[in-house]
Amino acid sequence: MLKSLRHIFNRCTNNVLTIERLKSGYGKKQVLFDVSLDVKEREIVAIIGPNGCGKSTLLKTICGVIPAWKGDIDFNGHRINNATPAQNVCRGITFAPQGSRVFDELSVAENLEIGGFHLSEKQRRSRTDEILQLFPVLERRLQQEAGRLSGGEQQMLALARVLIPSPKLLMLDEPSLGLAPGLVEEIFAKIAEINSQTGVSILIVEQRVRAVLALSHRVCSLKLGKVALFGNAAELGEDSEKLKQLFL
Amino acid sequence: MDYFYHILVVVCIYAVLANSLNLLTGYTGLLSLAHAAFFGIGAYSAGLLALNAHMPFFVCILCAMVVAGILGLMVGLPSLRVRDDYLAITTFAFQILAFGCLNNWVSLTGGPQGLNGIPRPAIFGIVIASNAQFLVLTACVCSFTYWVVARIVRSPFGRVLKAIREDEIFAQSLGKNVAKYKLTVFVISSCLAALIGAVYAFYIVSIDPTGFTVMESIFIVSILIIGGAGSLWGPFVGAVVLVVLPEVLRQVGLPEALAANSRQILYGILLVTFMMWRPQGLFGEYKLGSSSREGK
Amino acid sequence: MQDETRAENVIMLDVEQVSKDFGGVKALSEATCSIREGEIVCLIGPNGSGKTTLFNIITGFLKPDCGKIVFRGSDLLTLPPHHISKIGISRTFQNLRLIRRLSVLDNVLLAFDQQIGEHLSNLFMRTQASLQMEQRNRDEAFSLLEQVELAEKAHNAAEDLSYGQQKLLSIACCLATRADLLLFDEPIAGVSPYLTDRILSLIRDLPAEGKSVIMIEHNLDAAAPICDRMIFMDSGRIVSEGTPEAVRNNAQVIKAYIQ
Amino acid sequence: MQLVANIIIAASTILLVGLGFALIYRVVRFFHFAHGVVFTSGPYAAFLLTTRLGLPLAISIPIAVVISAALGATMELAVYRPLRRKGSSPLVLLMASLGIYVLLQNTISLAFGDDTKSIRPNTISEGIRVFGAVITPVQLLTVAISIGLLAAMIVFFRQSIMGKALRAVANDPVLANISGIDSDRVIFWTFVIGSALAGIAGIMVAMDVDMTPNMGMNALMMAVVAVIVGGVGSMPGLILGAVLLSAAQQLSSWFLGSQWQEPMAFAVLLVFLLFRPQGFLGKRVKNASI
């Protein structure tokens, strides 16, 4: 009773995603300890923190790759604790895992089609056309094998792929990993553009703290699997002392 | 009564085979589909020596074990490079190759006719001929094998084997020479299979390649898995179940012509059933291919 | 026993210009560092900076593309992993490795070196000696387990332990090899506060026994008090090294973490 | 010339079986031994339909192929899927598939007898002379069908969404899962298609040289050898493997006698497993990550 009331409440606020007291981990190893956070419509929330603090684990738990031990994950008024990744994609949560992962043996066009696997042929085609307008780099290379793209292009492809199903929430795990400095800015600019153009909420994990803070509305800082700070991104960006304290 | 003794001899033979395979598969985690080949190599080596060179029983057995040991070492070599299902395929290939040689190398092995009229062995002047006498002999071999395997797996040596089975890299990081252990186990296991192979040749008098096919190898693995890989009693239980059960069925009145097929169908069903609901077998502690690693 | 003041300055492990490339990604580039006898060094750096790769290379599980590693006068690069363990370098793994279905005691016993019973011929010829040695090792294993407060669980399967206890056990295994250089990969990550203190105090006491430690750890607050030096790595390079305080305040380190 | 013709014919048969086996192996990553009995089921189903039900061969063959496909799909649903759900290791799946093989092969023996059965269209078929080599019409058809199916497979992989999803699962199962691909569905269709291919291959072989209940094991092993030698997951590699293997077999049968064909194939396999386990065109087998 109480739970369903809470879901109704979550639907009334403009929260896309609400996480409450989430516990999770691998095997016996607990990584997340009572993590709570929320993402509102059209918002970019950054998750930052030192290595091993559970950033990637959090994203994997939300999208259903690893099970949640305890707590609540609420997406648009539905409890999705036990949903499979496929169900989540249909519902509107897509996830781009770490290290610009693409299907390297498939062509760029095929990668995009896989992104829209559950759509109808027609929807898939129209979505692909729409998304390609955001990524002119890819349009020129549609028939190329994805493994032969440069690192930056692969990351663009990974971004494009997760946008195909018209998600309401996009989760990105270190989109800048392994990219040269110039490209990082390009990717970040692209993410901001996606957010403003499509209005999709974004949950982004990043090591490049300053860059991601400049981009995000709010920030959640994790330390040893717990939320150390959840607040305004711009404010934290200006507070160097606080940042150093969070990391070192 | 003779028939009863015969069944027990067969049980003993399969118990030895499963037990020796247990050392390799159950304790070290190396699935081999070539055990019938070593069984056959033992039988043929002993049979050939007894027929052509008229060697005494013990010399025949010893030579059979040496030959199988050397071949076992060779089959063990790939296990240093490939693992799990690739190793299974490698041993499978060796099994087919060995069968091909037994079947086709007519000048040495007699081809499909095999070897006939292997003389009855004499131990300290006593000629062993009746089923009851052979039962005593195979039971001795069976106990010997049990003793060897038990002594190995209960020792620090066996502890290393289990470590290799569960996590090779961890064993290496603790300073264990994994390659040496794997090869040693391959050799011991092949020697033991050849030992009972030699006894089998003397028991059955005529041997031909059809006793040492891939299916036979799969049968031995089934005994081990159903009984329980990685347990000392598993192979005995498996051998009893898989050898005696079809005999019981035969007593119920299945026609002879269908008996062979229905026996195979039975153990096919058993194998699938066990894999699905009890992959560690009746008494085993180890599920095939399951390592100690928890997924990250 | 060695004279302590002198031992402090003797170099135990020397890593020189080691590079490793994984299909175009430089996991390590010209990493150079050295570890002295009786020292605790903490290796820090962002993900993918090459810390674990360095461990894998020192322990022989990976061969570097170029460079040189010398441990007490012997060149490590030509040796297989089991041999490196025998000459005195032991490690734990980031994704815990233990023989989960064996008992806690067996895991420790496995780690002892030069066991008579591990040679096949001895199993049948020198039964008595093998048994005696096993008994001695057993006693020693128990005292080690007591040291890590796991003696009560000695006969439980390793998989029954909690995560933190498993980490303790893996450290006990490392100690049982009697190695002098111990490499711990994230020894306290994911461990409860109480066990974290246990593990750290265990590590802190190791130099007194003439052992050196290199550990990878992200929990800097916890690790800093016990280590003599910190080495900071980024993108396969060793960027900065010095006292924990100096490294944590180093501008480059701060920049790498908070870009 | 005859030798070359024989190599091509043998290679196309191996290719037919190998195509199905490789397809399944690429996606599920374990050795599906029961593929051998799916292969055998094709011709026996056709035999049943023609002799017992009196259907013409042209009708019974498509039905037989459907039966084979259904058999393979049943194995997936009844055995492999539950096993995968439990997180069973590839070795457990391998043993289960061996069990299925033994079970079904003996069921066929029991039902039809161990003797040779025939579904040849006419008892004695005239050989056709092509470039000085004698080839029977059935052999010619085998070559044509295997080339045709190879082309069809390539089109399927390149054009259809299911084909692409299948490649995606083979390429990166985790990412495919995250991208929302229902891997169970993909694997199901993989078994359907792979098993249909096996059924076709079995029927072609039986039309050429008749059938026995244990014909599948040999055919399967040839497929396994070709797939490993060629390199898992590589279509050109499979073709290369099939040609290499049939060449080795035909040459050994030419020079040593036909009984050495089979041992020769496995000698080739052993050499590859020892020195180049990833095969000709395959990617390096990944070492256990540390």
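Which chain is which? They are A, B, C and D, in the order written, and residues in each are numbered from 1.
One rule holds in what follows: a contact is a pair of C-beta atoms (placed from the backbone, for glycine too) under 8 Å apart; a residue touches a chain by one contact, two chains touch by 3 or more.
On a predicted model such as this, the values are computed, not experimentally measured, just so you know.
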{"item": "Maximum centroid distance from chain A, chain identifier (CA atoms)", "value": "B"}
{"item": "Contact-richer chain pair (by C-beta pairs counted) among B-C and A-C", "value": "B-C"}
{"item": "Distance between the centres, which are taken as Cα means, of chain D and chain C, whole angstrom", "value": "49"}
{"item": "Averaged-CA centre spacing for the pair chain C and chain B, given as whole angstrom", "value": "41"}
{"item": "Interchain centroid distance [CA atoms averaged], chain A/chain C, Å", "value": "35"}
{"item": "Inter-centroid spacing, chain B versus chain A (mean Cα positions, whole Å)", "value": "55"}
{"item": "Residues within chain A bordering two or more other chains", "value": "27-28"}
{"item": "Numbers and ranges of chain C residues touching at least 2 other chains", "value": "61, 93, 96"}
{"item": "Of all residues in chain B, the ones touching two or more other chains", "value": "169, 294, 296"}
{"item": "Of chain B, residues touching chain D in the complex", "value": "31, 77-78, 81-86, 88-90, 92-94, 96-97, 100-101, 103-104, 168-169, 214-215, 218, 221-222, 225, 258, 261-262, 264-265, 267-272, 275-276, 279, 287-291"}
{"item": "Touch list for chain D against partner chain A, complex", "value": "161, 164-165, 167-168, 170-172, 174-182"}
{"item": "Chain A - residues contacting chain C, complex", "value": "25, 27-31, 50-53, 177-178, 207-211, 224-225, 240, 243-244, 247-248"}
{"item": "Interface residues, chain C side, partner chain B - complex", "value": "59, 61, 80-83, 85-86, 90-91, 93, 95-102, 106, 109-111, 113, 115-120, 123-124, 130, 134, 173, 177"}
{"item": "Chain C residues touching chain A - in the complex, by the definition given at the top", "value": "25, 46-48, 96, 162-163, 166, 186, 189-190, 218-220, 248, 253-254, 257-259"}
